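Chain nomenclature is as follows: A, B, C, D and E, assigned in order of appearance, with residue numbering initiated at 1 for each chain independently.
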Amino acid sequence: MLEIKGLRSYYGESEILHGIDLAVPDGKIVALVGRNGVGKTTTLKSVMGLVKAPEGDVFLDGVSLRRMPPYERARQGIGYVPQGRDIFPQMTVAENLRLGLEVCGGRKQDAEELYELFPIVKKFLARKGGDLSGGQQQQLAIARALIARPKLLLLDEPTEGIQPSVIQEIGDAIRTINQKTGISILLVEQYLDFALELADDCYVMDKGRVVFHGATGSSGKEEIQQYMLAS
Amino acid sequence: GCGENSAMSGGSSSASGDTVKVGLLHSLSGTMAISETSVRDAEKLAIQEINDQGGVLGKKIEIVEEDGASDPQIFAEKAKKLLMNDKVATIFGCWTSASRKAVKPVVEGANGLLWYPTQYEGMEQSKNIMYMGAAPNQQIVPAIEYLLKNGRKKMFLVGSDYVFPQTANRIIKAQLKAAGGEVVGEEYTPMGYTDYATIISKIKAANPDVIVNTLNGDSNVAFFKQLKDAGVTAETCPVMSFSIAEEEIKGIGAQNIAGDLVSWDYYQTTKTPANEKFVAAYKKAYGDDRVTDDPIEAAYDAVYLWKAAVEKAGSFDVDKVRAAAGGTSFDAPEGTVKIDGDNQHLYKYVRIGKVNANGLIDEISATDPIKPDPFLKSYPWAEGLSAGSN
Amino acid sequence: MSQQKASEALLSLKHISVEFDGFKAVNDVTTSIAPHEIHFFIGPNGAGKTTLLDVICGKTKPAGGEAYYAGVGNILKLKEFEIVKKGICRKFQVPSTFINLSVYDNMRIAINRDKSVFGSLMMRKRYLDTKKIYEVLHLVGLDKKSKERAKALSHGEKQWLEIAMLLVEEPKLLLLDEPVAGMGQPETEKTARILEEIKDRCSVAVVEHDMNFVKSIADEVTVMHEGAILTEGSAEDVMKNEKVQEVYLGRGEKKHA
Amino acid sequence: MDILTILFNGLSLSSILLLAALGLAITFGLMGIINMAHGEFIMVGAYTTYVVQGILMPALGDGYFFCSILLSFLAAAAFGMLLEVTVIRRLYGRPTDSLLATWGVSLVLQQLARSIFGAPNVNVVAPSFLGGSLTLLGVSMSYKRLFIIGLVLLCLLAVWAFLYHTNFGRKTRACIQNRDMAQCLGIRSKRIDCLTFALGSGLAGIAGCALTLLGSIGPTLGQNYIVDTFMVVVLGGVGKLIGSISGALIIGIASTVFEVGSTASIAKAAVLFLVILFLQKKPQGLFALRSRSLD
Amino acid sequence: MDIKYWLQDKKNLVFLALVAVLLAMPFVLSLFRLTLLGKFICYAIVALGIDLIWGYTGILSLGHGVFFGLGAYAMAMYLKLEACGSALPEFMVTGGLTSLPAFWKPFASFPLAMLAVAGLPLLLALIVGFATFKNRIKGVYFSILSQALAWAFVTIFIGMQAYTGGSNGITGFTTLLGIQLQNPMNLVSFYYFAVAMLVLVYIFCTWLMSRGIGKILIAIRDGENRTYFTGYDSSKYKTFIYCISAVITGVAGAIYVLFAGMISPKELDIAFSVEMVIWVAVGGRGTLIGAVIGALLVNAMKTGISETMPDMWLYFIGMLFVLVVLFMPKGLTGVFVKLYERGKERFPAVRLPFGRRRSASMRGKGAIS
């Protein structure tokens, strides 16, 4: 599904990613973990085309995204839930959701499923996005990314600021969606247990590099934990 | 090598070689460019004609042009530059009183000479300025006399919040008081004001015989368009304007102002041989759609009067030119004009005109040349209006 | 809560209510924060926790209620900066730092004691201040980045910087909104350690969803739900509460290991 | 003067202010661009009307005016688009810089008008069916003013429907609020920005066309509207159409009322001071956008 | 302030070099050019004031012309009364006044007039600043508001013709404390006085910004709300710096009158106020030296171009503003710093410490927060 090859990314003059290789197989959930500031968010942004990445390439279903602007990439079927949520603060929840449909030309689609997953979203449809609480915004952001049924979902710390019961629900939701629609997911997480339980595959990053890659079986889990603590 | 040189005088070094430098100082940008560019064009035309005829004292006139940018302070600065840096023999320039007041100390300090083309509010006299436009007694006073004579006694005064209108209206009020007229309203609007609904309502409520208009520039367009729509017509209540000439009428639209009155010394339709030539030359130079008007003509006259004075003096020296200027005359498009040696204003004709449907002005009453009286000293009712020459 | 505890409280909130266009975000909340305690506010998303902190620090004016601060009185009438001067400092849910200043300068602005115009005209670099800034930066692991502009920090690093800025201010009451959000396991533990340490010097009110973190250091926990207080008590107690489990923790709270 | 006349005059002034400010409500209020060249876009509309009149009036008679409304819109929109692509595009999120650059643009456009049309004012002949006035309840209402009130209502309705009831409008608002995120949702933000700016500029063009009915057409025409239009948007509250409407109503009616009792200059200064005082009470304008976020 | 420290900052050295050049100018330039340069130096002083509030604090004032005008009018009123002696200024007579209005009377005294030069801008800034900043009017709201303020003042100044000279302004000065204004030697002295004032104001500004307050102003620019929660009453800071800026601008206005020989409401206007900001933008905001260079350069260019192409100069100036904003967002100073740092990379041997202290502010994007 997604393949990142030798990606180098820059903020201004400073190089943040020093050659990332990463793959998300079809229909799989892949976790990307690492300590603060190692470049996880930057990796996702590079996939979306939001940061300068003059070297390396990103492929979606074998198609190079390199020359595409962010909106093209989104239209290729990538849904993105950024860290900090980036809800449109002056628009209602309903409008925020409708915008999620722009990728596929703004056609109305059934959102009932999503309302089931995130009842809070339905409850506050008429409220302005910016007035929601942190956790409510997070849920809205995920719903917004899912509504257009992307092929690939990029999730940047979706559990940040979410109450425990909803974390479980989000976990369940991700799994359900993944199983039902075969969507592939690249998940950046600090909450290791959550990530490892969901993911089939895991990458560990440190200082702009991938330092470990392995499956999330019970043996892999320990190794990953070690990497996290050591790095 | 030029003959006479007196190191201290501003004009002398300008006349070295085969040319003599003169400065043109008008607003080519900003709000006043609307009026001043045409005046500048007239000056250039005159200079071109003079150069074609061999120049002044055998020297071709070389133009140094500056943009006053509708800002008095820039006018002062540029005047200084023309006099001190370029050492021009004389300056043709300015339009607004503000720019003239700014340039005045500069020409006085450097002993330069400014030829000022516009009608103005009077109450001023400088030995370094030649006033080519009408003094109040050559425009305002006769116009009010004309109105009174025709039974229009109730007047509503509308003007821009600015020196010329305010002073003009003070004169008018004094005159009316003496002559038994009545001011039924007086309104001023800021420069560039465009909504006259309220003032027009006030005018209608006051029900005057005539509106005396001293608005400047853009505001006139708005005023006349809106006045017309409100149903105030030239028949019932004409407008007498002091700052609207043919050029402004083009912007207002003849249909909006036809039938209204103006007071000037010259119109494009003025019937003199000199004017026929002048209008033809001006249109040839700048296009058939251009019109001539009073300030344009005055600016044109200024160049020729300067030439005459220089030739009379046999020198470009400012003091000598000034000394020679008194009594110098020129067969201007408006008729023969003459510099009054006492106050450096012009003897001018006064013509009351009526705007016609083509946007030109028909003369409906005219006088012989009137002696300029900038301080209105010959009018007893005007006592106390002026502060002496300052 | 006992009458006695309220009287010796550092901050006691009485009948605080906040309304947004008729929506009651906080509804008649009465509680208090004792000296030297780490007091957690937990509860579902949208329960009104952040709003409550907003009220305490002066950002939001409540529809009703009072907040008594030891030695000062009702602080709800004061402006934000006046409240800060009384020793109540606040960390926001979304990290907020001065992005165009260096990490070090951010700290200097925070440590400045006399915050009047005249005071900062006279503000000088003081050796002791610098030493203290570096100590705190070292503590949060940003000493090597002291010359970086705050803009160039990652999300987590900004969180740390904000915490560090609060620490050098030596507040009497620290308000933290989700301090460990976006932090990894080791960082979360480090935060817990730091909070335990500063508890000697001040009280801390924390909003957090990470239950391990709550359990590890909480002295007192207030659970909010739909703007009101659901229950209060020790971490153990409230987690046992059925209602809390139902609306907040969910079925497998234990998985949260 | 009777109260109804004052009311109508005030309403008329409000409608003119609103028409002139409507485009600014979009480019400044929504997009955050302090467009000092807004007045010059009004000027572009006015000159377009002048040109259209010259070409079409012989053939269409009074009907030319309707064509010129459309063409003024298109001409100003085209200028706006050009400006967006070359300059504004790089300045989103930098309001002061946008102010400085557009100030430069306004100087250039003024001079351009001078170079093309000459410095003196030009004249547009208003369609004859708009001449004269209607007297109702003792209030004389000129047809031109009534027409402008109608036009502004129409424009408002169109803009409102467009922004709040079309996909495009929603995308527009999304781009304005968070350009990066909008892109991540598959929105071509550059195109949207460009079209939105063109829309705002085009509305200025319509204003220019309508203003030829009442005022002058010259290179400095736009300068007369800069302060007023910004005040309208700011008084109402940036980012809200309803704000701009009430801003225009307040300034228009207050100006008229003051002017009845005093002079135009005093009225003008008094209204400005009043607005300044009012903003002390409501720093974000009448209809402030509330937001929870810090900054 | 530590002089050694001050001298370590390259920008200050550039300033000193510039001052040296300015000091030599009377030996090089004609009297007319020198007066012009004198005006530009006044503009440079204004630019410093603008840089304080805009470059450092992020407050964009579009009405600083009012402060400039107040200072200038205070000076002009004094000069006018001195020129008129016991007579009434002519515009009052034409305006119908018979005696000097009461508010003019203090301006007959030089010390009182000088007090007014600083005091009037200070008073107005205090009122405006206190009210608006206290009520948290900021960003574009403040800019538009200050613009309206300028507009209102211009309208009033023009409207009260008998009292202010209307749109003519005040002209026709002769002497200052008996010193002939037009005398060449005296003009040279005025010029040196202006340079001295520039140096003084510059040193004062660098001193101010080297204090903690400099950092706090930047903090206010970048995140005003956060400063409340760090314990700062930002409205007081903003009022303070706004007042300082207003006084600097007013003083510059007063000196300016000596060179211009007049003052008119045009110098209070929005157009002029916007130009002030542009000088700083061209030179580079938040650097002080940039403001000085920008003011001198832009005005020199404006004069030069308008002299050579009076019909076309607006195109050039207009394009200049656009291009600077687009391609030199940090102004000339930004370009030089970049070149310098490039050079440093390429020739590491000639490493010199380039005032790291202020680098943060230099990089600031300076949006109106």
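Note that in this section a contact is a pair of C-beta atoms (placed from the backbone, for glycine too) under 8 Å apart; a residue touches a chain by one contact, two chains touch by 3 or more.
Given the structure is predicted, the values throughout are model-derived calculations rather than measurements.
Colleague: Which chains lie in contact with each of subunit B and subunit D?
Modeller: E
Colleague: A-D or B-E: which has the larger count of contacting C-beta pairs?
Modeller: B-E
Colleague: What is the distance, in whole Å, between the centres of subunit B and subunit E, each centre taken as the mean of its C-alpha atoms?
Modeller: 37
Colleague: Using mean C-alpha positions as chain centres, tell me how far subunit A is from subunit B in Å, no decimals.
Modeller: Their C-alpha centroids are separated by 75 Å.
Colleague: Can you check how far apart subunit C and subunit D are, centre to centre, with Cα atoms defining each centre and the answer in Å?
Modeller: 47
Colleague: List the centre-to-centre spacing of subunit A and subunit C in whole Å, with centres computed as mean CA coordinates.
Modeller: Using C-alpha averages as centres, the distance is 29 Å.
Colleague: Send over the residues of subunit D in touch with two or more other chains.
Modeller: Within subunit D, the residues that touch at least two other chains are 110-111, 263, 265, 268, 293-295.
Colleague: Among the residues of subunit E, which ones contact at least 2 other chains?
Modeller: Each of 155, 158-159, 223, 225-226, 314, 365 in subunit E touches at least two other chains.
Colleague: Can you tell me which residues of subunit B touch two or more of the remaining chains?
Modeller: 28-29, 161, 188, 190
Colleague: Where on subunit A is subunit D touching in the complex?
Modeller: Touching subunit D: residues 48-50, 69-71, 74-75, 80, 82, 86, 88-91, 95, 98-100, 102-104, 106, 130-131, 144, 148 of subunit A.
Colleague: Mind listing the subunit E positions that touch subunit B in their complex?
Modeller: 30-33, 35-36, 39, 87-88, 90-91, 93-96, 155, 158-159, 161, 166-169, 171-173, 182, 260-264, 266-267, 306-307, 310-311, 313-314
Colleague: What does subunit B use to touch subunit D in their complex?
Modeller: 28-31, 33-38, 161, 187-190, 192-195, 197-199, 201-202, 204-205, 217-218, 220-222, 225-226, 228-231, 247-248, 250-253, 255
Colleague: Okay, in this complex, where on subunit C does subunit A touch?
Modeller: 20, 43-47, 50, 93-94, 152-157, 159-160, 178, 181-187, 209, 211, 247-253, 255-257
Colleague: Using the touch definition up top, name the residues of subunit D that touch subunit A in the complex.
Modeller: Contacts found on subunit D: 167, 170-171, 173-174, 177-178, 180-189, 239, 289-293.
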